[in-house]
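So, here's a batch of structures to check.
Presented sequentially are two complexes of subunit A, the first with subunit B as partner and the second with subunit C.
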Partner chain A sequence: MPSPLSLASQEWVFRALALGVGILALAMLVFAVVVIVLRLKHARTARDWAQREARWEATLLAVLAGDAAPQSLRDDVRQSERRDFIEYLVRFARRVKGREREQLQELAAPFLAVLEPDLSHRRADRRARAVQTLGDLGFVRYQEPVIAALDDEAPLVRMIAARALTRPEHPDQVGLVLEKLHLFPTWSPNFLAAMLADAGMAAVPALRAALGDPAREAPVRAIAATALTYLGDLEAADVAVTVLGGRHDVPDLLASSLRLIAKLGRPEHAAAVRPLIDSGHFAVRAAAISALGAIGGPDDLAAIREGYDDASPWVAMHAARALVDAGDVRSLEEIVARRHSRASLAIQVLSELEEE
Partner chain B sequence: MPHSSTSDALQDHLEALRAIHADFDAAHDESVAGARGLARLIATTQATRDFPEVRTVARNIEHVADDHVYGELDRLIHVLEQAIKLRVAFAPARGKISVLVAEDDRVTSSLIVHRLERERYLVKHVTDGPEAVRLARERAFDIVVLDVKMPGIDGFEVLKQLRELPGYEQTPILMLTALGGEDHVVRGLQMGANDYIAKPFSPLELMARIQRLLKADGS
Partner chain C sequence: MYELGLLLLLVFNYLVFFYFIALNGVYLFTSLIAFREIRQYVLRLKSLDLSELLGSAGMPPVTILVPAYNEEASCVESVRSLLSLNYADYSILVVNDGSDDATLQRLIAEFDMVRAARLPTAELPARAVRRTYQSRLHQNLWVIDKENGGKADALNAGLNHSTTPLFCAVDADSLLERDALIRIVRPFLEDSKTVAAGGIIRIANDCDVVRGSVRRIRMPRNLLAQFQVLEYLRAFLAGRMGWAALDATLIISGAFGLFRRSLVVEAGGYASSQTSVATVGEDMELVVRIHKVCREKKMPYRIRFVPDPVVWTECPESFRELGRQRDRWQRGMAESLLRHRDLFFNPKYGRIGMFAYPYFFLLETFGPFIELAGYAAFITAIAIGVASPTYVITFFMLAFVFGMVLSLAAVGLEELGFRRYPRVGDLVHLFGLAIVENFGYRQLTTVWRFHGLVSAIRGKQSWGKMTRRGFPKEA
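Right after this comes the complex of A and B.
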């Protein structure tokens, strides 16, 4: 028979367990209620958003097509809907250019002040969002805070500001972004070059000036060279040639300039390229060989063929493709025929050629 | 008797086909010849001009073995029924220029479709590649506006498949691309696109290009 003490102890344990189960059940109930409330709230937000969209869309499309006055749409925006309306316009603004974009900016103008406090919000994502939206829809009025955001403490905000400043509508700001490129050390140079090229051909003078300026940091000049390559600026090849005769201790700058010459250069640029096939850096040798394949003459074929035997496989690959560019497919076929140690590379390049 | 409309002509062909199908006997030369003769007529008649798939199936009957003619008649009846349904659906807009817009982005497509409808084009909008190809197979469009990046199959693949469809060899196709790189533009043009427009785009410019393409095409 169990002792009274033991029975009391068991009862206490039972009560504790029951209490624990009760608390857990209550917590689950509260959790379930919270989930349901959040879900309902989310569904309601989505429904409200869809309703607003449906209400605004027909009028917006009519305004953009010139069939309705902008004010007719503005009148349909309640005080509490100003942020949503701006958000809605942004979605269209990012997809159009020209007159329609200007119309969207005009539509947004009376509402943009609502975002001003966000420019100094403690959360970086809110600041970034405000910079992006004001850059998209109100650049003329808000260019000062957008430019100031280039020096924001958060990398995200700085990048959003740089993107807002490299748009085709205001290419004159590209110089400003070039000045601040050192603030983006972790971003890929190709990405930064593509961002600068987004500003379009009107940004070419600033990019050429940066490439040709020996006082500039080499990484900035290299990015400018890549951006000019993306833009297909033929005259930039003349500037790139001057780079080749300058500092030889910055392989990235030399390689970017050589890639520019390979794509946009002319035969008279080949003389400046030739010395670089003996560069101590493999990326420079590879780019020089590619450039010679593109703009060199028959006298350069021997040097390109030698590149196939370079210690660096990267250089060898560029040499193989340069032979194709120079029209010397026969050399590659010979490499295959005599079972060169890198015959597989020649086979690969020849098969790519056949696929084309 | 002259047909009062294309739809009536298609209906007449369908009824004639059903009659031949009901009495078809592959062992009788006359039965096979009758089916092939009607199929030839359907493949060449003006009434099926806008329905490349009908014409393809009808032409096929000429080339299959006698014992496969019955199955092909079945198929022809099916595609002809689909064509009649489509013809009815498009009937109110007859005479208008038809545009197939393949674009998965809702905002972009609303901008394009609104502009086109405002100019009284007959617009069919789809949001993925396979649907664009399926619709183009069912009926001929006067012009196609094709986004490069779409779910299912991309715009380049749709372009390739459209160009292989009978009746689409010369149809103006305008590519819309967010990929501004010249490689994509060159690829599209090499694959048979007539023009391209890069996003972000100007709806006004898009309309001008569509009108220019249609003018060049004589639509």
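Right after this comes the complex of A and C.
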């Protein structure tokens, strides 16, 4: 009887294994060649790029300094180098503002058309790059496609478009971005707020309108409140107070409005804040206590002290800092003296005060 | 009886063959997926200027937790690297886990630390905190000095004292690149479902380090360290990148990971002797538990891998220390997976339960046993004359060439995206290592991993000691 293992020494098994070895050896060779080709390609690209940069840099600096005519630099750009030249200008554009940025936009203007086909390219990264570059260097001329990109199917392209539309140079577009904010459901609210705030004070009316509009989605209003806080818009506190009187089932909106009031509110806003220190959501209680610490009066100290004993350590932390803001350092010293179970928090906040 | 023995040998030979095909098939599959992902990632990076998009405002505050046990040789350099990060809002919490050496004293002296109070904001069980210190030179640098309880316990103590929505766990013997935090935080900004993200770990042996920053990247001189360079490229660029693309990440290295703090606290923190049963694989155990918590709560979530935030680490250069490390890694994986065996082919846990867990459990955890037994079976089969030596040699050639293909694919992924080893000589060196590692090194790691598996089954808990050289300085 033949051994069962003789199967393993049959011709077809050996042939299959040998074929496997051959295929894999070929794959190995292909990978090795790919790696070498990639290395050579990257080395060549880097060398070419360095040469081009060296060629353009001196003329560009002379143009920016007013010592050379823009055309002298444009004449130095070959037909095949138009994309690279735009890329080069984009790198500079990110580092400069004002007149210098305008000069770069003027320099780029004759070449930007080369990117137009990319706006409808099948690859999202190509569309994103085109929107970013045209937004940076040719916004006036390419405003429409940049706005249209807010509705692109790719989230990356939508975000690039939103970023391009919230620049300080054209704050009037913030309203448009606010309208489309629901298209960015996964992005961090703080990030979106910072992006909107980048547009500067001219964006304030649109942001205030969004915050005060009960018909808007609560997350959009919360983002608007945070953006207004970043911008330090004092009048927004009045709008935030109206939010506190509205729906109480959206903790994020309430908390961001309370944070706005804590930073920018006035004593007359305290009455609207007080009911929220008993909120069922810890983030709202914490923000309400901070707000009272900032704008409340002596009558609010007892409620803030109570907050120190809240079940949530976060509320206690806000209460400790609110006591400092309200000028009631003595309460914290007493907490330390009677060895309260959270005495270490009072010590921490008092030491922060000393550092200041 | 003899016939039965032969039959068993035959069945086992086929089992080894199918194990080999399945394991390498998965490696190849994840490598190919990683190729697509890295290509897209690079294009995305090119189309989206990071510093432009991520201004200082809107970046979530991060606490960096650095558990340190007897790290006097490298803790100062590590903290320096953390202090020089390019990130707007972060604090560093070094948790001295009852070190017997001068770790605490070195930190106090170097950064002018003084006693300061810091409030716990969570109550994860952890060994007692003795003192907390704050630096007078850097307001965002804190040290928590606590009783020894192990790495997981130190991380839990740090979690109790962190106040930011995100925390980053970093090993005390590691160096973070300046942009590492800004890069790893990106998935959290882009997708609020992100609950954890891991970065890549690279080998710093023989690189030049200046004030906590890797300035000149070089291949290590030590051969064992060189093998590990290649291994890390395979593990991170081909393995973790591929698994993350499949939304099936089961491990984020303890040396560098960013997590949503509230979720980790809700999940009970890291597994330590104080919380449940300690494991030396607390990093993998946490990720597995995060999957379970999120799936059981039907919470939408994502765990990501980002290939370009880099943490540099010193790897073992002696057989003894490398063996201990591999033993520990295997033990950690086995403990984590055995603890959560209810995931095994459980459709409730989606692709984690149906694909990732069974793969790691069957092929990675028990792989070393099958491999070693396979060597023994082949030798037996040849010795008793029932297997053709030609067949066996061809099979080993297949294994050898498959291994090389996977290694070259990993080098290709590195070349495609990152090119951290700029010298052509380094590239040739990596090619050479892909050949040489098949003769001895791979078999040795299998033995160490097998030992780790046995230790896990026997319930061994010690970490083993690693001697640190400290990071090399610029000449």
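What we mean here is this: the second predicted complex is superposed on the first by the 317 of 356 C-alpha atoms of A that agree within 3 Å, B and C clash if a C-alpha of one lies under 4 Å from a C-alpha of the other, contacts with A are read in each partner's own complex, and residues count from 1 in each chain.
FYI, a residue touches a chain if its C-beta (ideal position, glycine included) is under 8 Å from a C-beta of that chain, and two chains touch if they have at least 3 such contacts.
Computed from a predicted structure; not experimentally measured.
*Asks:* Classify the contacts of A:L156 with the two partner chains as first (subunit B alone), second (subunit C alone), both, or neither.
*Replies:* After superposition on chain A, A:L156 lies in contact with subunit C alone.
*Asks:* May I ask you to name which of subunit B and subunit C touches more residues of subunit A?
*Replies:* Per-residue touch count on subunit A favours C.
*Asks:* Looking at A:S279, would you say it contacts subunit B, subunit C, both, or neither? Reply first, second, both or neither.
*Replies:* Once the two structures are laid over each other on A, A:S279 reaches no partner at all.
*Asks:* Applying the touch criterion given at the start, work out whether A:G232 contacts subunit B, subunit C, both or neither, answering first, second, both or neither.
*Replies:* Only subunit B; A:G232 stays clear of subunit C.
*Asks:* Answer with first, second, both or neither: which of subunit B and subunit C does A:L61 touch in the superposed model?
*Replies:* Only subunit B is touched by A:L61; subunit C is not.
*Asks:* Given the touch rule stated above, what does A:Q105 touch, subunit B (first), subunit C (second), both, or neither?
*Replies:* Touch status of A:Q105: no partner.
*Asks:* In the overlaid three-chain picture, which partner chain does A:R94 touch, first (subunit B) or second (subunit C), both, or neither?
*Replies:* In the superposed model, A:R94 contacts both subunit B and subunit C.
*Asks:* Same subunit A residues contacting subunit B and subunit C, which ones?
*Replies:* 94
*Asks:* Please output the residues of subunit A touching subunit B within their complex, sorted ascending.
*Replies:* Interface residues on subunit A, with respect to subunit B: 57, 61, 64-65, 67, 91-92, 94-101, 232.
*Asks:* Show which residues of subunit A lie in contact with subunit C when the two form their complex.
*Replies:* 1, 3-9, 13-14, 17-18, 20-21, 24-25, 27-28, 31-32, 34-36, 38-39, 42, 94, 123, 125-126, 128-129, 132, 155-156, 159-160, 163, 185-195, 197-198, 230, 313-314, 316-317, 342, 344-345, 347-348, 351, 355
*Asks:* Using the touch definition up top, name the residues of subunit B that touch subunit A in the complex.
*Replies:* Checking each residue of subunit B against subunit A gives 105, 107-108, 110-111, 114-115, 118, 182, 199-205.
*Asks:* Which of the residues in subunit C come into contact with subunit A in the complex?
*Replies:* 3, 6-7, 9-10, 13, 40, 43-44, 46-49, 51-55, 57-60, 116-122, 134, 139, 163, 188-193, 381, 386-388, 390-391, 394-395, 397-398, 401-402, 404-405, 408-409, 411-412, 415-416, 419, 424, 427, 431
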